[in-house]
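In the two complexes that follow, subunit A is the common piece, with subunit B as its partner first and subunit C second.
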Partner chain A sequence: MNARLALEKLIVPIGLLLLWEATQRAGVLPTYLSSPSSIVAALVELTESGELPAAMALSLMRAYAGFFIGAGLGVVLGLIAGLSQGVREFIDPLVSFLYPIPKITFLLIFLLIFGLGTPSQIALVALAVFFPVFIPSRYAVQSVNQLYVWSGQNMGAPPMTVFFRVIVPAAAPVLFAGLRVGLAHSFVVLFASELIGGRSGLGFLIVDGEEAVRFDIMFVGIVGFALIGFASDRVLMALRRSALRGQAIGTEEQLV
Partner chain B sequence: MAAALRFVRKWYSIPLLLLAWEICVSTGAIESRLLPGLGAVWAALSGEIANGVLVQHAAVTVGRALAGFALAAVVGVPLAAAMSRMPLFGRMFEPMFFFGYPVPKIALFPVFTFIFGIGSLSKTAFAFIECLYPIVVTSYLGIKGIRSRLLWTAQNMGADEITILRRVMLPAALPSIFAGLRIALPLAVVVVVVTEMIGDNQGLGYYVTIWSTRFRFANVYAGIITIGICGFVLDQLLGLFRSAVVKWEKDQPRFTRV
Partner chain C sequence: MALLEVRELSKAFESNGQAVAAIDRLSLDIDDREFVSIVGPSGCGKSTFLHIIGGFEKLTAGEVRLAGRPLSAPSPDRGMMFQDLSLFPWLTVIENVCWPLEMRGLGKSERLARAQSILELVHLGRFATLYPAQLSGGMRQRVALARLIALDSKILLMDEPFGALDAQTRELLQEELQLIWRRDRKTALFVTHDIDEAIYLGTRVILFSARPGRIKADIAVPVGADRSPEFRKSPEYNALRIEIWDLLREEVLKARAEQEA
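This part shows the complex of A and B:
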């Protein structure tokens, strides 16, 4: 029964891969689509030469550095804005004004301010991550059930205790939803910045492979990007599970 | 008077920011080539709207984004319905969508350009694939989450499958379908702009890139503002559409939007 279930889950991806390989070998597909076997070969080659691990490490470092800066600011400012009406009134109009603008459009301006390479990419990722993290944090604090806060205060908890033991845990599920969206954003922005102004990293590996007509290398870069995006999401979800034991019942994240 | 005061308290930070910008520029505290004065930005914006250049690029971008988005909605919602109503089908496609969800689809950009060329087709295809994931996942979870009691009640009253679909399942799933659409629509705009920035000769992403490389930053900011306006208007329209269709439930705060 379990084997059958596994087969049902795997049949579509495996079938697609086999179809890809077979059509490429039969010469139906154009060469730029490469083939799974040659991609695996290039994957092994680039891993042994150290190019792929180096590029992945560099891209991960940029994405995480930007993510931590942007998400850190987003969570802290979001929590403050959720608590203080004055801060809220100051930040809200600015956020609603800047939020609909895709942050990637600032890429070329950032390139001129921070120079080509890692600093401008980290800054851009941080900017792109800030908004999807800030907005949920701000709403999460506001939507904490007031009864919990009153109960805490009634039992004599000082404001700091109420904040860390009542408000933050109650806001945490929504906070994690924002972090997840922010994490997804960071990879999109990083990819575009490495493709447009980059000289290193996975995005550059993809462009480089494409320009050298080594389409297998291009696909290795794509696979590498998919891997770091997917793995980072899983790590965040694992953190979420351990942080929110018992709070995740019936939510979307439970399934995804 | 009190209303006016409330209005000022609610919005004062935007003029404050603009004032700070203007002061920085006019005192020369920040290199003015990167930060043109507000007057220059306004001149660029109004001029380029009046002569139709920005309008034309905006029409290209919005057209691509909407085409990809609409296609994703037309394909995604029935797919999600089929996945949740046919268990085998659901088991077959669930991994594809749940594992593919956190994968950055943008990495496929070179492949898409090879297949669909550099023009509108590849941009629309990209918007489609980016929108498809949130639409399918949220609709799927929404339809799966319909309480069986509702379906049993309808079956008990002798409703056939089509009637159940139309009168019970669709209304029950609409809020989550719209939640997915609301995540997808801004994504479509972002993805189209990004791909236009990487390579194209029209659209707002192209407009912003070309004026950046020419160091005409008043035009760059005019383009960025136009993109923001397009995204904002599209989102508002979808919100209006939602409240016209889903009359029985108030919209939730949009904190899960991308």
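This part shows the complex of A and C:
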């Protein structure tokens, strides 16, 4: 049953790959769209030369470093802003002013501060991750069921205990939703920063392939992003499932 | 001296810039080991009254003393049970019941043993490792009751704890609560909109008037009465039911007239 289900899920992607290969060989597709077989060949070539693993490791490091800084600040400040009216009044106008600005525009500023390379890219990712994590964290605290807080206080919990053992777990489903969006943002912004801000990583592999008219290499870079993005999302979702065991019951997501 | 003394308690809310009186100069004495049912039309301030006793909401004027000491912040000496959704959904049944025990500083093995024995008492011993979302509404309220028992308060505050349950489940839980209450006879304040529940459980029924809440009637239910399910069929029970229903009906009509005005 499970094997059949897995097979059914693969029908569409495999069919598309075959169609892509066949149309490229028939000369219908433009060469810049490459073909699955040449992409696999380039993938093997770049893996053996060590270029792809190095680029993936570098991009992953930058994305994660930026994600942890941005998400950490987003969750902590979001929780504090959710709790404190004073902090909200200070931080809300700042957030609504900065949020709509395309984050990539800050790259130039970061380049002036940190110079070309990894620190600027990490800073940009952190900035881009901060907003989609901060905003739901802030609202999550405010929308925590009052009865949970009252119950905690009623059972004799001091304020810090109520915060860490009632408010944080009650807000956790929304926190994870923010983290997931933040994680996706981190790869988007990282790619953009690698186009401009340095000469290494998967983003650079992609532009470099394009400039060298090695479209197969360009696609290998895209596949690399897909792999690390997909794997990271799965890891986050697995963490989420184990953290939210009780809260996911009866909701549709427990099936996913 | 009464265990709980309420003196001239008033509570006003701000609504559209206007002060609305929810409770108006209410005074009440509750003795140790009484089970006081509070009934009244919806919106009469009976839940607000309970929240004030619990320390969750502030009073506007007046004074409340428990064993001679003024009340303020929420505290385990006044254990609260809500209508629904107050269990922590991220914890299992037994972890929920362990929570108040942990706050009291009991060691891990001691609180697990104590929580398990309380769960047996409410017939949930086999469900200790499930999450609240995996239980029916009636079972969830049993867990909430177990958590309240674990809290071991001086006085129990219950805010329509069976209000969201179906009629059969509610009757069974009333019988269980009655048996548990008879064991250790803790002073209890029980808010309900259900007259049958109020009489069946209470040693005393207090009827709140339409808003602003005042005491309209204070009726003793014979303490010695046998609270087996048969009590619900007795002539005393029916006489009380009719008396309270007539009084309540006047207030419900008043509340409705005010709403429509």
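We take it that the second predicted complex is superposed on the first by the 240 of 256 C-alpha atoms of A that agree within 3 Å, B and C clash if a C-alpha of one lies under 4 Å from a C-alpha of the other, contacts with A are read in each partner's own complex, and residues count from 1 in each chain.
The rule is short, and it goes like this: contacts are C-beta pairs under 8 Å (C-beta built on N, C-alpha and C of every residue); 3 or more make two chains touch, one makes a residue touch a chain.
No experiment lies behind these values; they were computed from the predicted model shown.
Undergrad: When the two structures are overlaid on chain A, which partner does A:153 contact: first (subunit B), second (subunit C), both, or neither?
TA: Second partner only.
Undergrad: For A:28 in the superposed arrangement: first (subunit B), second (subunit C), both or neither?
TA: So A:28 meets neither subunit B nor subunit C here.
Undergrad: So, A:221: does it touch subunit B (first), subunit C (second), both, or neither?
TA: After superposition on chain A, A:221 lies in contact with subunit B alone.
Undergrad: So in the superposed three-chain picture, is A:3 touching just subunit B, just subunit C, both, or none of them (first/second/both/neither)?
TA: In the superposed model, A:3 contacts neither subunit B nor subunit C.
Undergrad: Per the overlay, which chain contacts more subunit A residues, subunit B or subunit C?
TA: Partner touching more subunit A residues in the overlay: B.
Undergrad: Could you look at A:109 and tell me whether it touches subunit B, subunit C, both or neither (first, second, both, neither)?
TA: first
Undergrad: Applying the document's contact rule, which stretches of subunit B touch subunit A when the two form their complex?
TA: 9-14, 17, 34, 88, 91-96, 98-99, 101-104, 106-111, 114-115, 137-138, 141, 186, 189-190, 193-194, 197-198, 205, 208-209, 212-213, 217, 220, 223-225, 227-229, 231-232, 235, 253-258
Undergrad: Taking the complex as given, what residues does subunit A use to touch subunit B?
TA: Within the complex, subunit A touches subunit B at residues 5, 8-13, 30, 32-33, 89-94, 97-98, 100-102, 104-109, 112-113, 132, 135-136, 139-140, 143, 174, 177-178, 181, 183-185, 187-188, 191-192, 195-196, 202, 206-207, 210, 218-219, 221-222, 225-226, 229-230, 232-234, 252, 255-256.
Undergrad: Any idea which subunit C residues touch subunit A in the complex?
TA: Counting only subunit C, the residues touching subunit A are 54-56, 73-76, 78-80, 82, 85-92, 99-100, 103-104, 131-134, 147, 151.
Undergrad: Of all residues in subunit A, which touch subunit C in the complex?
TA: Those residues of subunit A that touch subunit C are 145, 147-148, 150-151, 153-157, 161, 166, 169-170, 172, 244-247, 249-250.
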